[in-house]
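Letters A, B and C mark the chains in the order given here, with residues in each chain numbered from 1 onward.
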């Protein structure tokens, strides 16, 4: 099947976006591209001043931009105060994936007898939905995905192919779970007897709020006692690890390769850069941003931007400095001694 | 299906745990919770002094704790010298998952003709077990999991859903492999001809000892020549990467997002914190602990705690210091010069 | 099925490798091992001077080595200028996996009606190949793998078990994709309205060149607009995350746990060590090497080796130095002040 991208007139787009149209409302466009790449049947957008240089030469049918840049636009335009938000809306309008999943249960899917299916549920080939599961209206379960017993998935949520959700997980509405992600695996809990490890059964679950997205190959472990809780509108990128009993507040965003250790609470509207690590049992305030690959070992009590580490430099230069890092306490003490001598002198 | 959590009398629990009961042995409890959350039909535990504050107000039917805290306990109690170990045991007693997997091969599973199945093996829906595989008694293969040709899996091991084990892997008894984990993918080996890479076929395998647990989305690569070897009772968290020909000694524990490069040998009873990276071809002694996100580029010859990196601070403060890191060798030289002047002066 | 490793005479091996044989060409060998482990029916190799010590005592039938070491070899030998490259070739000759996958579509696989299959395609049990897919000659799709609609996969590419490729992805010839890897999941793109996140549909795709290998549990996200592009002969290890619209140049190699943020361009012949992180929107020149766990936040314009971070040391020592890192700017200022005093004095 070849999927035709939908087409819209500029007047239709203006109405959908709530934008002010300057140009020919009957003109029809069939795609979205950058200022540089857009052809004469596509709409482009300007949401970042860095691309202002591409505006004069664009071949787009029309450009979505802020009113302040309207004058400089050589073609028809859609003016909107927040063009980046408008771009997000446009991208969804032109998404050929929308409506692609046919409703219905594929004959090769295995669905337990007592599963509750909402209206227009789609379950893909080779999927497995275990006993006691409840799937809300419009839920899509991708090919090869497995939904464990007694799990609840809210309306219009989509599991892409080869997703795994364990038993007893609760997922809100409009979730998007990407391939390879795992929700509800055991948290890492063991008691030591001096010689061997004894497994602590992970009796809690995972609760995802509404509008949560989880990227490819990410994992969110179930709680030891009580649940791991991800708030509403939390966005989680690929290769992220969230340990047992972590709580992430509403509207927070976690970039790729983030790792959060057990029982840490991340506030609302936080942003964790790629590869950030949070130790266990911390409290991170609302509105905290942590830059990429920083390690956070203490709680953060105030909003703001936090960082650790040192940027890359050429290896020879780095070696000389890294060696000195190991002498840093010594350097500081020697400096203090000199200062004392100076003052005495 | 709704799974009833099992119930026990306090006398039964005391016997199972080897604990001393102070209270009503006929009292029946049906769950485990924290001191704060436990209701009157549940048992709680005190294994960490930080929660001692919750003891006076607990509503639990009984509390598992150390004899030293017995006096302070307002309800029935189970006294045990290592209550954390007792908690681990309790958690397993109350695990509703135990016994959940029905024995038998699901009709949609594909099992090669020459596979050897022990007693009470369960193979889930959409699973694939290739030629020559041997599954010990009580092995559970989750839905959608794939077991490659000639692989051996020991008694009572459980692969959760969507696990992948390549060909020629050996897994001991009582292993727990979580969803999305991959055992036996190719190690990263290529020879360079000055322009292009030439693949080195990875002819070794992977050997996991007894009582190994591997978390969600973790990967353990097969050896180039000879095997990657994970000892007995090694516990591996989620999102961990273990490269070809690594050896991990018995009873070691690797937290989430750890990465170990090729041919490194980790000793027994080691603990690697979240996100720790070990370079290739190192030897790490028994009893080494490495704190979270540390990079280890040299062998470690003595037990102890090791660390690298710098903790997070507010971004403006960090920027000023990180810039100075690049001048550190210069700072050290200038300090030495001043000291010399001081001595001459 | 037990797979016999193929056997070769030394003369055959010499011819295949283009090596000079010193010894009995009719001697037959049936495997490859290290100098130390090889038995009298196996061939060994010496490609690294560190193993020269094992040469005198080897029990191998023959050794592949550089002419310079020929004299020291106690057994038959195959001389080649680049023995490591020869080892790569030998490893592939002795790979029992070659030819293991039977051609044909397994009866449990689901293949859409309009899929185009080349000659000798093999599709494993429980796999799903969606509408519009084109598979070149000799393609192998492993058990449980899912190939999304309209994806193209070039000749002789192999997807191992439980791989997921989304819709609209283009994969070149001779690709090797390991289990658990995900190609074409959504990039991490959201617009913020001041309170909530709005998803940006990821309308681009992923293009992999020829001879690309992707390790277990790695993820390569699709582009927002335009494609994520991986060049020819790029080798990607396990647990790697490549974000939307990244470009990686031909012949580059990315070790385990690397993370590359959105729109960054990595040059040709680059090597990124394990756990390296690259920020978004950077340009990395051809021939750049970055050592393990370094963070790169600025573009790199010249070939060379780059590093960041500090090596591990014992925890007590580290604590003293890490505290001083937070005083580093202050230390530098105090030193400058002392120098000034010195000059005045």
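Assume a contact is a pair of C-beta atoms (placed from the backbone, for glycine too) under 8 Å apart; a residue touches a chain by one contact, two chains touch by 3 or more.
Each chain and its UniProt protein: A, B, C = UDP-3-O-acylglucosamine N-acyltransferase.
Computed from a prediction, not measured in an experiment: that's the story for all the values here.
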{"item": "Fitted rotation between chain B and its twin chain C in degrees, CA, nearest 5", "value": "120"}
{"item": "Copies chain A and chain B touch via same or different residues, half shared test", "value": "different"}
{"item": "Interchain centroid distance [CA atoms averaged], chain A/chain B, Å", "value": "25"}
{"item": "Chain A: positions in contact with at least two other chains", "value": "108, 126, 144, 162, 180, 217, 239, 257, 309-311, 313, 325, 327-328, 331, 335, 338, 345"}
{"item": "Residue ranges of chain A in contact with chain C within the complex", "value": "1-3, 32-34, 37, 82, 84-85, 87-89, 91-92, 94-97, 100, 106, 108, 124-126, 142-144, 160-162, 176, 178-180, 211, 213, 215-217, 233, 235, 237-239, 251, 253, 255-257, 274-275, 292-293, 309-316, 318-319, 322, 325-329, 331-332, 335, 338-339, 342, 345"}
{"item": "Complex interface listing, chain A residues touching chain B", "value": "108, 110, 114, 126-128, 130-132, 144, 146, 148-150, 162, 164, 166-167, 180-182, 185-186, 188-193, 195-203, 217-219, 221, 224-226, 239, 241, 243, 257, 259, 261, 277, 279, 290-291, 294-298, 300, 304-311, 313, 317, 320-321, 323-325, 327-328, 331, 334-335, 338, 341, 345"}
